Structures are given as C-alpha cells and as structure tokens.
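Note that chain A is present in both complexes that follow, paired respectively with chain B and with chain C.
For the complex of A and B:
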C-alpha cells in the first residue's frame, strides 16, 4: 500500500519537475526582458546616466525635482489624459453602437464586421501616414479639397494648435473601433437568446430590452474594454510619432503624449535618467488607475 | 528536481565552452588584423565605401576592414546603445553634432598627433572642422562636407515672367521673385508656393547661421557657450521669416508635407537645401532647376556647413589601432575625396582640392563649394533640442500670436539651458 502511494507521489513530482523545467525558459525570458529592466528603470531614475557614458552618478531625487518644473512634462501629461478622457468614451460608445446594430443585420453581417475590423489589424504606422496625407492643406489633402469643393473654408488640422490633437484622436478612434466592436459583439452574442425571447413575450420594448438586459449583462465586457482601453490610450505613441513631423508631437507640443516625450528624452537627447523618472511616473499612474478599476470590478461582482 | 537542474547546468556549460572554442579558433586563424567600420546606410555611400575598402585592402594585405551599415533613422540610437554593451566598431562615422556626447563619454580617442598634426589639419581642411576639436585635440575628420545653396525651378520662373537663368542675388530679390511665383486661390490656399519656409528642414540652420549674421548679429559667443541671438539681429531675423508667411504670403511651413516634396513636385519656386539633395532632384527628369549661392543681405554672405566625420573608438589599441589610423588616413586622402564628390554629391573637405577651378565653377557643385568659404558649422550639443526651439519660436508667433521678441527670448532661454547643462559638467 505504502509502495503504491510513494510511486504515485513520485510520478506526480516527476510531472511537476518537467513542468518547472519547461517553465524555466519563459521565466528566465520574462525576468531578463521584462522585470529586470523595469526595476532597473527605477534605479536609473535616480541617476544622470546618458547611455554612452561609463559614469553613472547617483543624484537622488534631482530628476523628479526637474520634472516638477518642466513645462513640457506637464503639457504631455495633460495631452495624455486628453487622449484617454475623450478617446476612450467615444470609442466605447461608437463600438457598442456598431456592435448593437451589426448584431441585428440579417444579410452581410460578416462584411460589416470585416469592414470595421480591418483598420484595427492594419499597421498603425500605415494608418497614421495615410491620415496624415488626408489632413494636408490644399492641394494634396483630401479633406481640405472636399471642403473647398463644397465652398467651405479649409481647416489647418494637424498644423493647428487646437485641431491637431482631435485630428490625431479621430484617427486613433477610427483604428480602435473594430476591436471594441468585435468584443462587444461577442459579449452580445454570449447573452442567452431565451432572455430576449422572454422579455419580448413579457411585452418589453426595444429600449427596455437594451437598458434592462443587454447593457447590464455586458458589464464584464465593458470593464474589460475599459481597463485595456485605458492602458492603450495612456500609452499612445505610434500615431503621434508618425503624424507629426519627425515625431516632434507639435505644433508647440500640443499633441505630444508622455510616452513620446519619454522616447525623445531617452533616445534623441540620451537623458536616460530623466526619461526613467518619467517612466516611473507613468508606471505609478497606470498602477493607480488599474487598482481603482480592479476595486470597482470586485464590488460589481 | 536536482537532477534536472544539473542537466540544465551541464547544457549551459557545454554551450559556453563550445562558443569559446569557436572564438579561439577564429583568433588563431587570423594573421591579418581585422577592423570594423560603421556608417549609416545610404546606398551610394555604402557602395562607394565597399569599393574603397577593396582598394585599401589591396594596398594593405595585412588589414581586413569589415564594413557594417545601419538605417539612418536610428543610427545614433544604435551607436549609443552599442556602447554600454561593449560591442562596436574601431572606426566610426558620426554626425559632427553628436561628437560632444561621444567625446565627453570617452567613446572616441584623440587622433594621433604624428599622423594628424593639428597645424596640418588646420592648414589643409576647411575651418569648419573646428567643430570636431575639443580641448585642443581633434577627435574626428570628415571625408566630405555639405553646405547650403539656393535651388530654383526654372519652369516656374519662366511662368511668372522672370528670367529662368537669373537666380536672386539678394534676399530682397528672393522675396520679390517668390511673391511673383506664389499662387493662392480665393480661400487663401496655396496652389503653388513661392519659396520654402521649412524650419523643420534646413531653414532653422539658415535662420541661425545665415539670417542672424546678415542682420548684423551672431547666434553664439566666441566659444559657443552663450546664446547671443536674443538681440536686435535675432528679433529682426525671426520677424523677417514670419513675415514671409503673414505679410509677403510666399508660402507656409510643411507645404505638401515638406519643402523637398513640394520642390520635387514642381510646386515651389525656390528652396534652400544642402548639397546632399542634388541626388534627389537629379533623379527627377521633369524637374528643370538651377543652383545658386545663397543670396546676400546688407552685403553679408553667410552659409551653414555640416559634416559626417570618422573617428577611432577608445577601445581600439595595438595592431588594430595602427590599422585604424591607416584606414582613416586613406579615407581622408585627396584621392578618396575626389572620388567622393561625383559618387555621393558631398564636397571635398580639403580646401586645395575643393577650390580647384573645375569644382569651384561646376554648375551644380560650384555654388556649394563657393559657399564653404564663408560657412559656419554650428557647434551643436543636442541638435534635436536646439532645432526645436526655433520651430517653436516660429509657431509661437504665427499660431499663438506671441510677439517676436518674447518668442526669441524664450527660445534663447531654453537653448541656453541646454548649453549650460552641458558646459557646467565639463
């Protein structure tokens, strides 16, 4: 009897041993590629390292002190939140509206789905460059040529301090829409059809079905989209990098998000320490937002 | 568990010893000294250097040069990030504006005085190589240099009733011609631009080194530690430039995305660009253009020059250093410079060679070469940051309605901070 249990036990252990052996590789990878650099960035943020120098001086909180008085930093932080606060609700609302209506389409549902999803799987760099050309002034910009044809005044779009950020945001939402739509659609399809049938038999109208059944049951979907979306919009980069001249985030820093400022500080000005300090700030912001969202979801469940 | 850890360890030991053996093998075989040369990828440059290396290796059979190129867009990042990893070239091609960073970090070593004595460099090369001299020592030397010139579209000149073979001689003439060429629709949109306003391209260099000097000022003090354009000359220069868009209406920045595109498409009458652009424009068969020296103002001529220079990394010692010095000597020889001009379109860095009648009066290269005589190479610390201050100053005036004086003063304050941060550490 004892013999059998030990053998079972050792077989179990053997299996585990293999599992761990195989898991070592991704573990090493993650420690080397993700965790170590992340923690190293915390350390770098207290130094004045410039990437090529062999000397790395510990300067304490100097980088953080400079951040507080850096107008560009505050401007980019404000821009980042503008992207999130406007971009996320609009893309969620549009995504849901699309999903809601596509769900009811009888013919050609997959064509509509594909049409709205294609921008999401298109390379953001390509999307950004096409839109950059669309926004150009006359004679090459399509939007401005249309405005002129209709006898309306042309708009500066990317060259204006006030219009540049909304212009880039519009492109982002357009590209992002497909993802929100497809997840919402999956959520709607997952709701048991018997619920809708029962509601209709009870005489509920469209609005009642929407607000009492569809939306409440989509809550987990919405929370998922909210969390992933917030992180995605907080890390906005590619669009601005490609839609403004050589990624300057202009005019006058009006479109520059924090991530782009981090990138230029680190890899153009080579201020690694300073860039790391900004990364730490962004890390803390994302952490706080995620924690808040996690607490909120726990209550909901 | 223990057994599997042991297995992993054995595998690791085996792997490392194998690769070590491989390296030892390689070292034993090579009696020739191998050196590595890095530059950014530009097709004609890569091909020419490949050919040059063949010539060099034939003459020096004991040296082998390994030529590696990287995309231009992230070349600087690539070089910088190779430093902490301890891997990299022996001889490297760097933009002169990046030199302060690399020299201060101890990445480059001073050129040996016996092969490259200071007085000979100063005697033979154009004065602008001074930008590669730090604490009395030269750290890098160029094969070729670049300067600015005025490009004009002959067809658009003719169309506007101007003589297609007479480029503007003075700045006032340039504006007058540009006004004739610019075409606007009723809504105020440009159907055709008179001239470039591309601060994001070469115009920030033009503003800094040409306009400010022509208005009687100077962008920096003698040793470039202090910004000095927050003066009447600086205000006048930015006023003149912003007036081109607001008063003279000869064009807008980023017209058709940038001035190179607009001029290539035949939608811009006059542009100011570097000698490296000749290749781009020459490839367009329906672009009928000419090149002239930059126009003068108040009798002052000025130009901006820049260069890519070759230096030797400080980790290079012994035989590799000897080989690297030889290779650098070859790259900066008259022979190579003469081959460089027709193949790349960059100008010889040595005066005697460049100022030969044949080059000086060349219809395409001539204006650039004559411009070298009175050109200045800005001693950049952080080119990106120093460029953006002028772009922002312009936008502050045009988009934000700030006064020219306030915009220039702000630019000066920001740039001064960049300079202070660098020079205070030296």
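For the complex of A and C:
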C-alpha cells in the first residue's frame, strides 16, 4: 500500500517537473513580449522621449495634459466613436437579418454563408484599395460611372470632408457583417427546436416567435457581438490609412481614427512618449468595455 | 397556405442571392480589371473583351512583388507552426497536469488577450531597434510566436481527451513529451487545423506590425507592399487590382477547401487572429 502511494507520489512529482519544463519558454515569451512591453508603454507615456534625441526625461502627466488640449486628439476620438456608434449597430442589424433568413432556407445555406462571409477573411489592405478605386471620380471610379450612367450627379466620396467617413464606414460594414452573420447563425441554431415547435403548436406567428423566442434567447450572443464589435471598431486603422490620401486620415483629419493618430505620432513624428499616452487611453477604454462584459455575463449566469 | 410559403421561400432565395452577388461585386470587379489591359481598364464591363494574365506576369516579373509574396508565405508559415506547437503544448500542460501556480499562469496567459496590439507596437519597436531586429524576418515574426487565444482554444479541446489514454501511455513507458505528441495531439486534430487556418490567414493579412518593423522594400509583406503600391506603379489601377487579387485569391482557395472548419471554428470561438 505504502509502496503504491510513494510511486504515485513520485509520478506526480515527475509530472510537475515536466509541466514546469514545458512552460519555461512560453512564460519567458509572455513576460518578455506581452507583460514587460505593457508596463514599458505605461512608463513611456510619462516621458518626453522621441527616438531621434537620445535623452529621455520623466515628465509626469505632461503628455496627458497635452492630450486634453490637443484638438486633433479629440477629433480622432470623436471619429473613432462615430465609427463605433454607426458601424456596429448597422453591421449587427444586417448580420442578424441575414442570419435569420439564411437559417430558414433549406438549400444553399453554405453558398450564402460563403458569399457573405468572404469579405471578412480577406486582406483589409486589398479590400481598402479595391473600394478606394470604386470611389474614384469619373472616368476612373465605378460608382461615379454608374451614377453618371443613371443620370445622377457624381459624388466626391473620399475627397469630401462630410462623405469620406461614411464611405470608409460602408467598406468597414461590408467587410464586417459576415462575422456578425456567422455568430448569429450559430446562436440561432443553438436554440432548441422544441421551443419553436411548441410556439407553432400554440399558434404563434413568425413575428411573435421572433420577438418572444429568438431574440430573447440570443441575448448572450448579442452581448458577445456588442463587446467584441466595439473593440474591433475602436481599433479601426488599416482601411482609413489605405483609403485616404497619403494615409493621413483626411481630408482635414475628418476620417482619422485614434489608432492612426497613434501610428503617425509614433512613427512619422517619432513622439514615442506622446503616442504611448494615447495607447494607454485606448487600453483603458478597452479595459472598461471588457470589465462591463465580465459583469454582464456573470449576471447572466 | 403551402404555396404561400413556397412563394415566400422563393423571394427569400432571390433576395439572398441578389444581395450576395452585390457583396461579391467588389471582388468580381477587382478580378475583371486585373485581366484587362490598355484603355479597357476604365470601361464599365464586368467581362474583359480579351482577358489576359499579362498583368499577373508583369507583377511577378517586376522587382519586389515576388519578394513580398514569398515573405508573407514564409512569415505566415513560421508563425503558424510556432503557434501550433507552443499553444497546444501550453494548453495541454494547463489542462492535464497539476502543479503549483497553474491557475495563476492560466489567468496571466488569458489576460494577454486584453492587451491591444496597438499598445505593444511602440515598445516592440524600441526593443527591436536595441537588439537589431529591424528589417528582419525574425522582427516580423517574434510578436506572434504564441497566442493567448490559441492556448485557451487548445486547453478547452484537450479537456475532451480521456486521462486513461494518457495513463496507458505512461504504463507503456512513454515519456510525457511523447504522450502529448503521439497520443493527445492526434485526438485534437480538428482544433489544430482550425487554429492553423486562423493563424495563417491572420498573419497573411496582418498590416500594422509589419508596416512598422520593415523599412526595406524587399522585406515588405504583401499587405505592406500593396499599401505602397501606388508609388511603385504610378496609380495604374489595373496593377493595383492585380496585386489585390494575388493577396485575396489564396484566402478564397483556403476558404473554399476548409469552409466547414472555418465557419465552425469562428462560431465556436468567435475570435479572429
């Protein structure tokens, strides 16, 4: 008896040793490439460092003070939230509508899924350039050519201070709604068929089924999509950089999101400390949203 | 009543199909234009009169584009192999072993998913300048060697591997590394292929970090090259569309082959990259 327990004990010891061996390199990676840089970013945000001058001064909250009086920062923050507030609800609504109808067709489901989902997995850079070309003025741009062919006035799209952001947003929604559709569809399929059956026996019509069974039971799916979507739209960058003149988020910063301002501050103006302060702001916003998700989903359970 | 439902269904199909084609319209236009030459580029025809692959030939013969393509392939493959190896090893360890600090390590790895890449790129860049990783493949690759998401995914899949099988391996005298590699890994193959597809596509499309770390034009990845394409080709839109097609078509092919795994994987985890 004692013999067996000591053997088991030594086996457990051996397994522990293996576990630590397997985890050494990964832990070094996570500490060195994830945690240390995170703290480093916080630290940088309290310095005036730019990569050109070699000396770095600790300046406390000066970067954050400067941010508060930086008009471009507020403009980019406003733009970022405009992307979130318009883009997310529209792509959620379209994604749900598609999922609802694709769920009800008996043949061709996978073809429809593919058609709507493909934009989501393709390169955003490629997609942004295709759309940039579609938005060009006549004689190049397809949209304006179509407008002319229909006898309608041409539009400036990306050249206009008021139309540029909605134009980029349209591309973003187009690329994004397939994701919402796939998740909604999985959510709908996970609802027990007996519930729909019971509702039908009770004589509920389609609208009643939708509002009293499908939508309420999709609440966890919607919370998930709302949170992940908010974070995705907050991080908009690639499409704006590739669809605006010289990647500057113009005209006149009208489309520039926070991440693009971070990028240009850090890697065009080399204001590393200042840009780091902005990444801290982004981090805090994302942290708050993640915490909200944790609280809400905990209440759900 | 039955005919009413049939008509409803037909309308549903027609609308889904029309909107679906509208969704694909930018891609159709992109591919059509990539096969046009000369003055036909700016005509509104979806079917080129003399479709040719001349633009593709020109693209692959021109200086840097082949490098970009190969760089993206190389980076994507190395990162994917590394992620498959480490994420599954760590996920397995966190699932099947008991040791002090296990919970803490798991929570720490999970919490890295909350850190936005945008916050890390500035420190990564500074670290890279200090150790000379600018303009190197290693510089592009190192931040993606492991992922919290993949570890989490693999851990939850290893839960389904019965411990008895692993113990049987121990009785047969296999070492722990071999038990993982020979017994556990083959049982989670679907999860591995899903993780591989996501990781490769994510890296194939990755833009922000390669844009920052690479300055020499022959070290660009495909997305970075595409974004500076106009400079190289002087707004020759048919060439831009050809480049965009080359970036897009491999993903289409992967998607068509692995559609089921991709859709299931996305639905299961709901996360990209």
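Here is the rule we go by: the second predicted complex is superposed on the first by the 299 of 301 C-alpha atoms of A that agree within 3 Å, B and C clash if a C-alpha of one lies under 4 Å from a C-alpha of the other, contacts with A are read in each partner's own complex, and residues count from 1 in each chain.
The working rule: a residue touches a chain if its C-beta (ideal position, glycine included) is under 8 Å from a C-beta of that chain, and two chains touch if they have at least 3 such contacts.
Quick caveat, the model's predicted, so the values are computed rather than measured.
By the document's definition of touching, neither partner reaches A:65: not chain B, not chain C. By the touch criterion defined above, A:200 lies against neither chain B nor chain C after alignment on the C-alpha atoms of chain A.
Of the two partner chains placed by superposition, A:219 touches none, neither chain B nor chain C. In the superposed model, A:238 lies in contact with chain C only, and not with chain B. When the two complexes are superposed, the chain touching more residues of chain A, out of chain B and chain C, is C. When the shared chain is aligned, chain B and chain C each come close enough to touch A:267. In the superposed model, A:78 lies in contact with neither chain B nor chain C. Look at A:140: by the touch rule set out above, it reaches both chain B and chain C. On chain A, the patch touched by chain B and the patch touched by chain C overlap at residues 18, 20, 51, 133, 136, 139-140, 267.
The part of chain A that touches chain C in the complex is made up of residues 11-12, 14-16, 18-20, 22-23, 25-27, 29-30, 33-38, 40-41, 44, 51, 98, 101-102, 104-106, 108, 110-127, 129-131, 133-134, 136, 139-140, 142, 145-146, 149, 174, 179, 182-183, 185-186, 224-225, 228, 231, 235, 237-238, 241-242, 247, 259, 262-263, 266-267, 272, 275-276, 279-280, 282-283, 286-287, 290. Remark: chain B residues 1, 4, 7-8, 74, 76-77, 80-81, 83-84, 101-102, 104-107, 185, 187, 189-191, 200, 252-258, 267, 382, 384-385, 388, 391-392, 395-396, 399-400 touch chain A in the complex.
Every residue of chain C that touches chain A in the complex is listed here, in rising order: 9, 12-13, 15-17, 19-21, 23-24, 26-27, 29-30, 33, 42, 44, 86, 89-90, 92-93, 97-100, 102, 105, 108-109, 112, 114-116, 118-127, 129, 142-143, 145-146, 148, 170, 176-177, 201, 204-205, 207-208, 212, 222-224, 226-227, 229, 237, 240-241, 243-245, 247-248, 251-252, 255-256, 259, 262-263, 266-268, 270-272.
Of all residues in chain A, those touching chain B in their complex are 13, 17-18, 20-21, 24, 50-54, 132-133, 136-140, 144, 148, 153-154, 159-161, 245-246, 248, 250-253, 264, 267-270.
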